């Protein structure tokens, strides 16, 4: 049966690599629908994303690739029709969660929302409108480590592909983050690296900037320092008070988060140190 | 001696095409620096642009490619360090010509301006500042056919790679255009296909649009209907009178024209019917 | 009790107009929070929007204004805290309706959705999630006039301030449109005036444009010719098939529609012939 | 004789201020062509910019205003047809200087370039093309204070309205900056406050941002902290090396600088603490 799969390869560059890989695809009688590569000029790391069409003998294809690819290679064959599963973490603000819920509802985002977890109960009724399980796991009365264990235990019930922090306003520790390497996506409400930390819109207002933005990035140990997936901006002027910037920022935040999710669910995003390569 | 060249291929798609081409490159011990392909899903036409590095035996490389590629293929090996030569045609407005002159001067555009041809003398002094030959070939007192013959005769002295219409305000006939197939680049002062024809800013003003734009495109027989290379826009509001739109449009025009030139001189633009594929 | 109101004035320009109007406000001990004017240079029509704060004696204020303003003036005093009431008309596509529902839900749009009317039943369940009445008024089995009478009868039950066509895919006749002069807001899925009429994304795809857009406008008798409130665009390239343009366009459509609604509900939009003045 | 002037007022807000000012204009039989005000909600500072048309009795008009305005007011009446005079300071990079030269040449920027001062001789030939005096005042072999005295002495010969730092790569001390309060305009090659300091494009490259920008601002004692006039951005991706970001940034830099100059020369920019109000 004809299938569509995406082949993802990351390895040290070497001469003839594309020829070897595409030869294997050809030998397997697979059609290359779209193909993109990138070699980082500084590190010589090679990245390739290939959309393939045909009858897949997955085991032998991967075996053939493993024989051909240099040591230290990572390769993955992804069924492009399988919907990625996500758990969304929130606090009180509805706009990012609401946008994802609506885009999944209307088919714009092809993913499965398994659950929404909030450290406040506020957004439970919004999740309920779309029949998504909501778990309120309050951080009150427990220490940070215990709270994160409760979160992790709940997330473990779902085994999501990605955790999406849709305005989850708690800093996550190293112990939590390392459970989901390159699998936590956050929306930061500033045009990073400007206005790192708390209250970026108030910082932006005080500085008198004429543009504000938002940044979707993978979460690493360093707060606001993870690999950036997508950034978007919008113009502001002297008429914007801090609360007007917050409001204008909402649209940017939800747009940039859903565009980042779109890139991730199409398997376009490679992490390369503290950067992303988007093929 | 190590060289950098760009291999450009256009042909009907067939299975194994990328493998065949990259095998040949590998056999020639050429390193693939960057590679992009596109297959048009409607026509099955295949496009590939490959930046290669190494010692080129150009004749045998092209021979090997010709043997491998299907009938109806076009292939080209371009020395990426050779500067493209252009002749610029103008009327009276300075901003597009000035921008190209300045970008060539400061190294932003790596091309050679052979000459400027105007149907009015106005811009001769601007070309002179940059020591570029200027030819005034007036359309007055001659019929259209005769005028175009004078233009073509002058252009023939230079054998340019491309003709750039930098606000050349004369419609060119089929007889002229067919002399330079896919080699005439025009800037149209509207966001095509809106406001085709004369006085687009006045049309835009009358319609009360909130965004205006400009379009760089290859010139074909159909006025304003050639393959679009690049489009850009800018916001306007009710405060803009027609002349303010003209002024705001100038910046867009020159920016879009120089970005289109940049794409063309990097050999990124394929023409595919009345569209472009930009790799 | 301290109130905030917006004074809207439209009249033929005359010397001293601003002085007269602001004198009256001062005499009434009202504070001018924000003030914007515009005089159309072609027609000499004067537009003024003034945010006032204070204790309003509305009757005498309007009387004073009527005495001062020239013949043919229109003036209005709007309570800026009163939420505008809208009825939304839809067909089958969820994204624009969903975005408005969500923005009203999360407080981004301060308006009251009285009802959703669809000519298909598809979006009833979406409206129901947010407890908004949904009326399916099918156009099947009735002629156009009869259908519009049914629509008008239903709308009359709500007396909305504005009708919002959120991807309502029926052309409305003069007889319907004249019932709601300057009060029907439509989202057109192209960057008007490019691609007027049906299937704009397919037209855009065929033309090979590099930017697509959407236009929010007031509905007049001339299809797609009403005064433009807001336009936005997004970049596309040769990789976008027509359906990808449709998808990319969805985000633009919903963003431009909700920005237009925001302008309208803040009483910023004046209609001036077939244009808008946005103060 | 009919004139056009711009009245600029800055003062503490008080009730009836607009009425008083516009009354005086009316009494002087001046027509208000365009009028914009802003009151800062935090400080209560009032800003007003009024385009006036008519026969000006400037002395009595200003006297009338001085009587009416509260203590601590600043008011200015500017002849909108008088071209502002600027001295441009540069180092080695041509693109910003070139853009200003060309825009003045083609009439896009209505100002008078009195001279170009470089701390290197490189751009002398570019200035010469446009017949602008060029002074090379090297910083070599003199200490910073002595160098700035040489600069100031040269500038004093011209009495410019504004100093424009068009990629002048020297930090200016307090002693120099205080000579031209709110009259030095700088282009910073980053989207401030991101990447303050040296080599912002290399910082941006290392951080893996997806958008870069540039900022035009008034120069104050604090490096890169002065009031922002204009910011613009452009998208980048993983294919951009640091030098590609530099190149992409050039277009943004020159565009944002010339847009800031346009705002300044139209007398639209008020400085309000470390921010600007643009009317």
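Order of writing sets the chain letters: A, B, C and D. Residues in each chain are counted from 1.
Keep this in mind: a residue touches a chain if its C-beta (ideal position, glycine included) is under 8 Å from a C-beta of that chain, and two chains touch if they have at least 3 such contacts.
Here the structure is a predicted model, which means the values were calculated and not measured.
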Inset, instruction - Average the CA atoms of each chain to get its centre, and name the chain whose centre is farthest from that of chain C. - result: B
Inset, instruction - Could you label the chain B-chain C interface same or different, taking same to mean over half of its residue numbers are used by both chains? - result: same
Legend entry - Distance between the centres, which are taken as Cα means, of chain B and chain A, whole angstrom: 37
Inset, instruction - Averaged over CA atoms, how far is the centre of chain B from the centre of chain C? Could you give it in whole Å? - result: 41
Inset, instruction - Would you mind listing the residues of chain A that make contact with two or more other chains? - result: 34, 38, 239
Legend entry - Contact footprint of chain D on chain C as seen in their complex: 15-19, 22-23, 25-26, 29, 31-39
Legend entry - Residues on chain D engaged by chain A in the complex (per definition of touch): 38, 40-41, 191-195, 207-211, 213, 227-233, 237-239, 241, 272-278
Legend entry - In the complex, chain B residues that touch chain D: 34, 93-95, 98-99, 101-103, 105-106, 108, 126, 129-130, 239, 247, 250-251, 255
